[in-house]
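Next come two complexes, and both contain chain A; in the first it sits with chain B, in the second with chain C.
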Partner chain A sequence: MSALDDNAKEIAEDTGGEGDATSSPEINTKKQDNRSAGPVILFFIIGLFASLSLGWIIFPKLLYSKKKQPIDFNHVLHMAEVEDGCESCHFFRADGTYSGVPKLDQCIECHEEILGDTPDEIKFFEEYVSKGREVPWLIYSRQPDCVFFSHAAHVKAAGMDCVTCHGHIGESESLKVYEENRITGYSRDIWGESIAGFKKNTWDRMKMDDCAECHRMTFNIEKTEVKTPTKRLIDHLIDVVSPGTSTSEKGSSVQTERDACFVCHK
Partner chain B sequence: MKIGRRSFLSFLMGGAAGTALSPLPWKLMDDSAIWTQMWPWTPVPEDGEASYVNSSCTLCPGGCGITVRKINDRAVKIEGMKGHPVNNGGLCILGLSGLQLLYGPTRVKTPLKRVGKRGQGRWEKISWKDAVSEIAETLGDLREKGQSHTVGLISGSDRGTVPRLFERFLTVYGSPNFIRTPSIIDSYELTLHLMQGVQALPGFDFENANFILSFGSGILDGWGSPVRMFKANSVWRDTGAKVIQIEPRLSNTAAKSDKWIPINPGTEAALALGIAHVIISESLYDYNFINNYSSGFDDWKRFVLDNYGPDSVATITGIDDRTIIVLARSFARASKPLAICGRGQGITPGSLDECAAVHALNALVGNVNKHGGICAVTEPDYINWPEAEMDAKASAGMQKDRLDDAGSKKFPFSRYLLNRIPEAINSEKKYPLNTLFVAGDNPLYTMSDSKAVKKAFDKIPFVISFSSYMDETAQNADLILPNHVYLERYEDIPTPAGMPRPVIGLSRPVVKPQYNTQHTGDVIIRLAKALGETLSDAFAWDSYDACLKETLGYKWRVMVEKGFWSYPGFVAQPREESFDTVSGKFEFVRKGTGSLKPFKPVKIEGDKTNYPLILMPYDSLRLANGVIGDPPFVMKSVDDTVLKGTDVFIEINPKTAGEQGLREGQLAMLSTPVGKAKVKVHLFDGIMPGIVALPRGLGHTAYDEYLAGKGINFNELIGPVDDPVSGLDAAWGIRVKLAKA
Partner chain C sequence: MKQKKAKKYGMVIDLDKCTGCGSCMVACMAENNVPFRKDESNKVLSITWMRVYKLTNGKPFPNTDICYLPRPCMHCEGQHEGHSPCVSVCPAIATDYSSETGVVSQIYTRCFGCRYCMASCPYHARYFNWWDPVWPDGMEKYLSPNVSPRMRGVVEKCSFCFHRYQLAKEKAFMEGRRELKEDEYQTACTQACPAGAITFGDLNNPNHAVHRMVKPDPKHHGRPTHPNAFRLLERLGTNPKVYYISSRDWVRRAGDNYLEHEAELKQTVHHG
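Showing the complex of A and B:
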């Protein structure tokens, strides 16, 4: 209580200092409110809106630099020419690793000579094929090195579609602008187009939570209640009698059937 | 409207609220977290297609096959090659770290010419063309002046195409001074030459032996072909073979053996003869071999029986006579016994008497050229170049005596005596060396008595190093012509030390040359062409690769595919044909070497009163001590009882340390007749009293910050002791004084 009293005294002295002769602190406060409410609220609102527009509109523009892909690749055109869909160019190697974005050697299999007369084709041939230089593609889905992601586990073992994570890129006629995060160096597609982090489709974002979302859904492991010894015994018995039927002990990884940091993080 | 402090504060509060409601802080937090994982110096492995290249490791004479994993154009991992006759999938710690030698900071990136004083480290870049023409000019002048014999070459090996190209070059140029780096192989070659009349390498059928009597050989410390020895050791564990380790210090090998017998250092030859005494007197020897395939046994028998009774040997060696008798019996009674020698990794050739005495033990039990025994492996004759024509200048030069006295009246049997070179140069008794090439060796580090070696080097006006790395010799050279690293070049790797069958490995480019280096083979060919005359005729090849391909002929394709060429049908010659001596038999008495004189131990430097203790080196797989220095990965594996910070530890028995008033971890000053060094003390029960042990492989002044300036180079503390018969370095230790520092 005494601390509060001291505080009140201080305020009184403070206001006194400004030249008001009133001795009652209550009346004093009222008077002041009346006098400065307008500008105070106004400035609060100005500050609020300025920072909101900074955070929502200007910041995203500053954060991302826009880069054009070296060649404007037409997926539709290529999909019509190839037989195996996405896997014709984005395939699994013999050792199970995923090839990702094709290397020049692959392109040359068809583009040994100029095919067609579009400016991009001519540029591709002159700049890269004839000089033997790799095309420096900007990869929208590139993840940090500490993230271990196996295409084989998701596509082969879990049977997922390319579209689930990559969207309908295979149906695009031209490549969109690559927006690079100036701080991290990664594409905007990882955080998602929406700066607030909202998403409509599974492929709108590629952050850890988006992986977890699917992993959690698939194996319904949201209920992580502590097991009673009886429950544990029953689960164990089920596992012994008929292995693989009980999902209670399994993690969300198809490969390791475990949930742990090391499943994804090296 | 008055804009006061309140309005401003209110503006800030609004701003704070707005910021909190905007994604800015949250997104920035997330991004900065990711940013911290993306420091530019954080190494990120390349992503891409994996491929494998089969090649051969050349970091030691072990000749292991390697499979290098690559991602795109980057080599990312070296593994042992499965199915390789030497190492079958295994690899040692140095071999595994080879990538640090390829991509590490110690490489010489372009030809360099010295501008400052020697060893000052001031260089200027020079083009290959200028470098070659500068050497050609110097060599041409010397040859014109009739001084071609004053050009010398130190080579890590004398087998395989590159050393043979060097030899050919010197021959046609006119210099007898081709010198190979010495090792225990020299003593073995000489022993096989004197006792079996052959010019061959020793081959040991370890995998099939079942009683291994090792006179100090570091079977698990890098002796012979290290990975093969590890694998053989595993086989012995499975088959129940026995390993007896005889040495004064409990090395890794001794610790893993079935029995460790500590012996007075330097008396191994006496023990071998003592064992022979028991075998002969108890008639445990192989009658068939002795009667049908040996000569001079009776003389040798008398010599052994007269001088080496277990009692007298017990006095010399410090091993109980009972132990000697039991050891001799179990050796002779084993179905496949095998005795080997060469202390530690076999870096020092050692005494010829000792090697011959150990070899005689093998003959006594009849395991020469036998399953599970020792055989003479003649080098496969795949290098068949047309005879090179020598002009008068070359002949005159070649008729000059060698600078090291090898093959002279004094040392008629030896081929190369590198240990005698510094003395020959410093004493100025013979002739000076005007130009010295160094390839595949780092003599300023690896040769004993560093001070004398340095002094001799300073007297050579022109030193040319072919080293890929800035090692001690390169640092003190006038010109460095960097060779491709083994992962960037083709080269044949001849039969590794100790293999019982010939195997030619192929080292092949795993990656493109990373810097402006050139294959040493190519440089020799270019140099010969630049010198013209008979030299360019003798080197008609367009390039080294063309030479190698032509030399290997039909083997080439198989070697490219498999990584090696083996002779699966190879069998050691039958005994009737395997001895090429005068008698056609195994000679127990080595002619012309005074081998029947009673044993005199190799006298080490220093007197007992001033230097009461004995200093011995020890070898470890974690410390590369030859031409290659430890890469950082291997340095990391060195124990902190061996090296702590920059201080090296000596191993000393607690009893001896007590007498000297030394405690664990204390600093001490070590002085030998050759040099002084500050060391730390590590008390070790596994070393005989009176002996101090220091590891080889430390004390580099060159290479990178991970290696340079750490510990002491053992070679600074010891000098060579010439073996009276072979002239090879027989020093196994040196007398030493220890005092509190």
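Showing the complex of A and C:
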């Protein structure tokens, strides 16, 4: 404490001395600014950039571990060979469930023998096909087990294309690096490439909000008529004035009047 | 997103057929990954989505009679659609009423465990997870992949095997349909009951067995018009979607609370 007090005294004496030496108080403040503002601003800027880069560049790099897929799969090559597009390998089972990433059995239908002489093909054949081991693919879009997603509802019932949600994966020649969140264990594709959560395309992110983007809009599938906030307000007013007369469609959830949580959660 | 006429899935349990074997309880626990403890004797701490109660008429021999009463979640509709006791009090929108199926849902990841719903439920159909589930070694492999296990600190309850509805829907979509057939969506307890005491289906559909068995009266919140049918605590106005059938008067009377002198009044309430 005493040391601090001494310091304070010294500073007070210093400024006092200067005040005596200079005649005008305006010049006095100017002089002080020149002496202290420079380093303060400099340190502020350095600190700002240091913390920004720590948060926006270094932290995301630390947060995600990078993993390579066991085999660098070439979608373009396979799309040229198969007849049925995506559904040739990523197909629906007869009971409506979705097969997702193909199992080895399915690959073997064509890959009984080595096809071609690329290093990946040789690795695939020697390590997996001949040993009968499943390829431990890392799944970019793996969701938590409380999430129910029905491909049949989207593709078969609503007639959506694969590209609408998955992007142009079918046109890729190699698989990108799988980035795993070290804390949650989920793929980076769930949160999205941008740590700030911005996205340009539907397939940039796969969080609940991204599902809700379509699902929160109460719409009629046949007409695909999307309700604007104004329309929703008008419907609400009609409902208040004379209940039951509005023709507006509501979601199945009584609490939110959107699609119920139970649509996707299990 | 109502495409067609809304469904109102419900259950009819014939108490004259129920033998109290407990198959429904076992099937339910296995189907829905319900956690259990080494010592299940304390029923305040154990979780049973489907629970069989034993009723007695309280009379001495030779007039003693007993009745077993399976109790799933009643999926109450309330006085207006979705005004179930639990849904109306949930501060987290973790439990919800679907106007499409009539199912009262529980979203475990949204629930923060205040247990207000448990206090409001007159049927004790809701249970709290006091611990994270622990499965005996190797049993994880037998868990149902269609139902997510619950974590410590959340409330859970019967979902009318909603995952089976989802799977049935997928199959229907695959076959180009939007409507489910009666036998496509059945709960695990319904199928497990060896006596065939449990019937499940759409109460809004006159062709479904549940509708034919109880003949719900739409003017009185679905009150059963069949003389032997009743609902638990009918007079609370919770409007449950689980109906019971019994030919025995004392059983039907046990389904609600009555004053001593109410013997005649009861007739008008139930059968009127």
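In the analysis below, the second predicted complex is superposed on the first by the 179 of 266 C-alpha atoms of A that agree within 3 Å, B and C clash if a C-alpha of one lies under 4 Å from a C-alpha of the other, contacts with A are read in each partner's own complex, and residues count from 1 in each chain.
Methods note: contacts are C-beta pairs under 8 Å (C-beta built on N, C-alpha and C of every residue); 3 or more make two chains touch, one makes a residue touch a chain.
Worth saying up front: this structure is predicted, and the values here are computed from it rather than measured.
Enquirer: After superposing on the shared chain, does chain C or chain B touch more chain A residues?
Expert: B
Enquirer: So in the superposed three-chain picture, is A:G116 touching just chain B, just chain C, both, or none of them (first/second/both/neither)?
Expert: In the superposed model, A:G116 contacts neither chain B nor chain C.
Enquirer: Touch check for A:D95: first (chain B), second (chain C), both, or neither?
Expert: both
Enquirer: Thinking of the overlay built on chain A, is A:A152 touched by chain B (first), by chain C (second), by both, or by neither?
Expert: second
Enquirer: Taking the superposition on A as described, I'd like to know which of chain B and chain C A:C261 touches: first, second, both or neither.
Expert: second
Enquirer: If you stack the two complexes on chain A, which partner ends up touching A:T184: first (chain B), second (chain C), both, or neither?
Expert: first
Enquirer: Give one of first, second, both or neither to describe whether A:G132 is in contact with chain B, with chain C, with both, or with none.
Expert: neither
Enquirer: Which residues of chain A are in contact with chain B in one complex and with chain C in the other?
Expert: Residues common to the chain A contacts of chain C and of chain B are 95, 97, 144-146, listed in rising order.
Enquirer: Which part of chain B faces chain A closely enough to touch in the complex?
Expert: Going through chain B, the ones touching chain A are 1-4, 6-8, 10-19, 21-24, 27-28, 30-32, 34-35, 37-38, 42, 44-45, 47-50.
Enquirer: Where on chain C is chain A touching in the complex?
Expert: Going through chain C, the ones touching chain A are 1-3, 81-82, 87, 90, 93-94, 96-101, 103, 105, 107-110, 145-149, 159, 162-163, 166-167, 169-176, 178.
Enquirer: Touching chain C in the complex: which residues of chain A?
Expert: Residue list for chain A touching chain C: 92, 94-97, 144-146, 148, 150, 152-153, 156-157, 218-221, 249-256, 259-262, 265-266.
Enquirer: Along chain A, where are the residues that touch chain B in the complex?
Expert: So the residues of chain A in touch with chain B come to 36, 38-52, 54-56, 59-60, 63, 93, 95, 97, 99-100, 103, 144-146, 181, 183-186, 191, 195-197.
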